[in-house]
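Each of the two complexes below includes chain A, the first together with chain B, the second together with chain C.
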Partner chain A sequence: MKLSRGAILLLVPGVGILLAFLVLPLANVVEESFRLFEPGRIGAAKDAPYTFFNYAELINVTYLYYFVETARIGFIASIVGLILGFPIAYVIARRFTPVWRKIGVGFLIGIMFLSTLVRVYALQLTFGPTGIAKFLTGLLGVSMNGRFYTELVVILGLLHYLVPIAAITLLGTIQNVNPRLTEAAQALGAPRWMAHFTITIPLCVPGLLSAFLISFTLCLSAFVVPMILGKGKVLFVSNLIYSRFSEIANYPSGSAISIIMLLLSLLIIYGVTYLVTTRWIKH
Partner chain B sequence: MSVVQLKNVTKRFGSFTAVSEATFSLNKGEILSLLGPSGCGKTTTLRMIAGFEEPSEGDVLIADINMRNKRPYERNVGLLFQDYALFPHLSVNQNVAYGLKRRNYDRGQIDHRVGEMLDLVKLDGFEQRRPSQLSGGQQQRVALARALATNPEVVLLDEPLSALDAKLRQELRIELKQILSAVGASTIIVTHDQEEAMSLGDRLVVMSEGRIVQQGPPTEIYKNPRTKFVAEFIGRSNWLRGVLGPADRNNLCSFEVAEGLTLLVPKPEFDASTYEVCIRPERIRVGNANSTDGATNVNQLSGTVQNVAHLGADIHIVMELASGYRFTISEQFIGQSMDEYQGSLECTFFPSDCIVVAADS
Partner chain C sequence: MSIKFTRRDLLKTAAAGGTVAATSSFPFINSAHAAEALSVVDWGPPWIDHAKKTGEAWGKAEINWTLHSGGAASILPKIKAAWPNPPYDLVDNWSPVFLSMVREGWAETVTLDDCPNLANIPEGLITKDADGNWKNIPRGTAGVFFTYAPENCPIEIKSIDDLLDPALKGQILWPNPTLNTNLQVVALAKARGGDEYNMEPGWEFLKELAASGNIGRVSANTSDVITSLETAETSVTFVDQGTLSGVKGTELIHLTKTDPTLKTFVFVSGWCVLSSSKNKELAFDYANFTISKENSELYYQDVGEVPVNINAEHDIQHLRFSPEETDAYVVIPDWDHLGVELDNWNKRFEKDIVPLL
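Showing the complex of A and B:
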């Protein structure tokens, strides 16, 4: 790869900013995570000795629980987001006229531009103890303070932006699948649902994978949704990191958790991508 | 016995009538070409037979069973799309087997039938390839094998050769015809290419603006087109507009085109207010009346050569008549010099080579 002088010139500012404001601070976090923390201080002392304690401390059921819960709820929300987003994308891609398609996509993007905080409080109002959902939960005999209900509301909060993101990501994928293929399958004797599951869905696997990964990463880093809607019952790793940094000012521990979270996320993303590409996308 | 029957089939999309009162039938083992310019309703007709569109009026019968409200997968129809629509994520084998699986053949039967079909289209050895690893011609043959595998009552081909380049198209045309007759498939081919329609079809159905304008064997339609549209659409033609005189003993009429330009034409079997006459370029011979071995009643024209194009096997000569009309003459190249076609030229043609149609005012 040979770059012209002009190309290098154009690359320098972007790469420079990435190095200065992303890689360096991240390196700083890595460094901090190996420092010994003395309770009562704000962050580690400049000359604090290096230690593995911050990581060793995490090998504990309590901490493991945070990671598992974050991944589990994120996984459920991402899958539900895909299932809900796919039909929306399909209808917009296949059934809408070009004008309506633009309106549809605009609407989806519009939803995402709405402040997370506003959406979360809207859910809180509706599904909280003062909202209209109180009547429904009472009817179904579900406790509003129960773990199940709280988790459900957190997932709803996540779906608020997962569904539009999944739909927008899948839109392009579905548009790239030749609609003649489903017709060919039908002419060969496959009812519509079977043509859908044997032809359209398999051809959308790459798109479904990227939509899933985008959704899942967003869930893993979700912060406001579990903080407000989780009501302290459902807490994500982000909330743990937040409390480490701002509530007890244990920067080294917060850093260690952040690094582990980063590595786990990368590992999961790599694992899922590897699995799907080797199993499904051979051509 | 007819395999497919269309009875007064009309299809409307909103206020637009795509197909209007189409009636025709396909006999067992026959190849029928549905020919017409784009937008004439031929593809819509095909889609109604396949079941992707429901007729607004009229009936589609396959094997004497009315197909009303029958979904595509409830009909036994083999369909070949213009772009082949091969399943890109499946191998050649799996593509051909797709229809067999849906029709609940058992494993052994599927393997046997797939092998048989790939043998038929000469693609054995390609079983494990993906469609993207095949050439255009090979993809077409896979699509054909897939369409024929389930032994459909009728095979529908939508512009089967249009995605291929000209040379390959001619080769595959012959191959396609051989494969179709080998399995004795009753076939409907939709095309806008008259050569394709004539060479593949045992019978032609010509459509224009949603209506069937003429149907019959290709030679019959070429020789006796009923309207100007059909004559122009099928083959090249020279047109003259004039006044038809009464018929003589030999059933020939005079046809006065202009001052000093009167032809002898066969008496038409219909009445019209104005008539037009069509003469095919290849029916016109360069030379004067004396060269036609003393035949009487020969039309003779003279004019000046405007352009000569040697196209290989054929030579196209454009000649302007004294009256201002332009004539295209097609001559076979048999080694003659192009110098023969220079300056003023005489040409002849028989009255029987004149096709009289009603002028579409």
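Showing the complex of A and C:
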């Protein structure tokens, strides 16, 4: 592909901004991650020697625990988000009149514009000791300050973002599935549920994959939700990074965790995309 | 006569006006701002409420307030990121962070000429650099200790081993290592024969505590502490006197003289003028104003810390120790060592403790 001079000129501002605000800061983080940190200082000294220590210390079962926990809770929240978001999208796309469809989509978009802190503190008030926590934990037979309930509230916090995003992502996909296909299946004797699960859902797999990847990526980088609702017991990798940078001032270690997290996220996302596209969509 | 004002005229006028404003007013605004406004970093309530009150009474300049977020040391990366032009003149902090600031060369030297009220403060409380220069302006001294809410706590706490009582399931609010510079684990270590140089007994104790399920929340900031105790989510914690002043609706019993296993760590809080400040004179003047006898007494009333001005009166009985009580209950830790070890201790907490919670 050969670009004309005009096209190159048009690309320059965008590429310049990307270089200045994404590539250079990222390069700075990579460079910092290889610097030796002297405890008690604020970040690495300018002439600090290079080292692999910041990465080596992460080769530890406990740090693997944080990465696995972040992915596990993110995976559960993303799947639940899809399960809850799909019917919402389906009803809006297929059952609503055009007016109600607009109202429904507007409502979903409106939820996404709610302030993060408002959402999270609303959840904390509702599911905390001043809300329905005692009733709910009594019903579930668990402790209000126990691990299970804390994880549950964190997942609810994540779902607050994920359900509208998943629903909005799936709207277009569902609208693009030709309803005559399910009608044909039903005309040939398939029950409604079978037509839905064998026709509609498989045809929505690309949209489901997109919605899952968006949800999962948001979960991996979630910071405020686990910080406020996790009670310091459910910590995501982003919380470790924050602690390194803002509380301990160990920038090199924080940078190393950030780079590992970035690589793992890319790996997971490309892995899932590859698996689904090669094993499912092609067949 | 009709006046013709086209859209093009409007755009021209707006552009010209904007250019004039951009080229002429900003330098004046900036210089006026730098000369007249003081930028002060302080804690949330009750500190900020007290500081605003004294700021108004002082009245020599406008003060722009910034609140600390997270642990005391969380201001350091912000200063570092903006050095040599951090947007702060004066920072309220405490013993271990003063040492970090001195180590980085950020703390301006202070003399009696700058702050005459320092003459009424014991010199031993002032942080010094290697050459003996004064580097901060102490305002109060207080303790970090265990406390509990008898109304909500299922048991009476008489010694540190009571923390392991199964009746306390989910009842303990444990500070993360960045709060109190991890003195809470030093307290556990001391109870089992260790200290800040030998922390293994403390970590073993904390592992038992985490595995017991008694830790209901890990606090990351002062509002966590106040909210958790006020809502009865938890009922036992290890906390500093100033933060406790924010707990209004819950009666607390402070375990400062209950048992020798429950230690009180004494620290100094106060001001540090940044060496980068363009408003040093104003910053020293305001700091000096806050440590007068009257304002020190007001500080005690508002914040609850013991004022360091020797002429100021106070009545905080649980932090008033006789010489015998001092020997039994009071610890003045090696702050410099705590500051250096904090990174390792934070990692240790992440590795050994959090997975057990």
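Convention: the second predicted complex is superposed on the first by the 277 of 283 C-alpha atoms of A that agree within 3 Å, B and C clash if a C-alpha of one lies under 4 Å from a C-alpha of the other, contacts with A are read in each partner's own complex, and residues count from 1 in each chain.
The rule is simple: a contact is a pair of C-beta atoms (placed from the backbone, for glycine too) under 8 Å apart; a residue touches a chain by one contact, two chains touch by 3 or more.
None of these values were measured; they are calculated from a predicted model.
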Superposed partners chain B and chain C on chain A - clash or fit: fit
Inter-centroid angle chain B-chain A-chain C after superposition on A [Cα, multiple of 10°]: 150
Contacts of A:203 with chain B and chain C, given as first, second, both or neither: first
Touched partner set for A:13, first chain B, second chain C, both or neither: neither
Touching partner for A:243 - first (chain B), second (chain C), both, neither: second
Touching partner for A:231 - first (chain B), second (chain C), both, neither: second
Partner chain(s) touched by A:49 [first = chain B, second = chain C, both, neither]: neither
First, second, both or neither for A:194, with chain B first and chain C second: first
If touched residues of chain A are counted for chain B and for chain C, the larger one: C
First (chain B), second (chain C), both or neither touched by A:184: first
Superposition-derived minimum Cα distance between chain C and chain B (Å): 45
Chain B to chain A touching residues, read off their complex: 50-52, 71-73, 77-79, 81, 83, 85-89, 98-99, 102-103, 130, 132, 146-147, 150
Complex contact set, residues of chain A against chain B: 178, 180-181, 183-192, 194, 198-199, 202-203, 283
Footprint of chain C on chain A - complex, ascending: 37, 39-43, 57, 60, 62-63, 65-66, 128-130, 143-147, 227, 231-233, 235, 240, 243, 245-251, 253
Residue numbers on chain C that touch chain A, as the complex places them: 69-71, 73-74, 76-77, 79-80, 100, 103-104, 169-171, 174, 176, 178, 213, 215-220, 224, 231-234, 336, 339-344, 346-347, 350-352, 354-355, 357
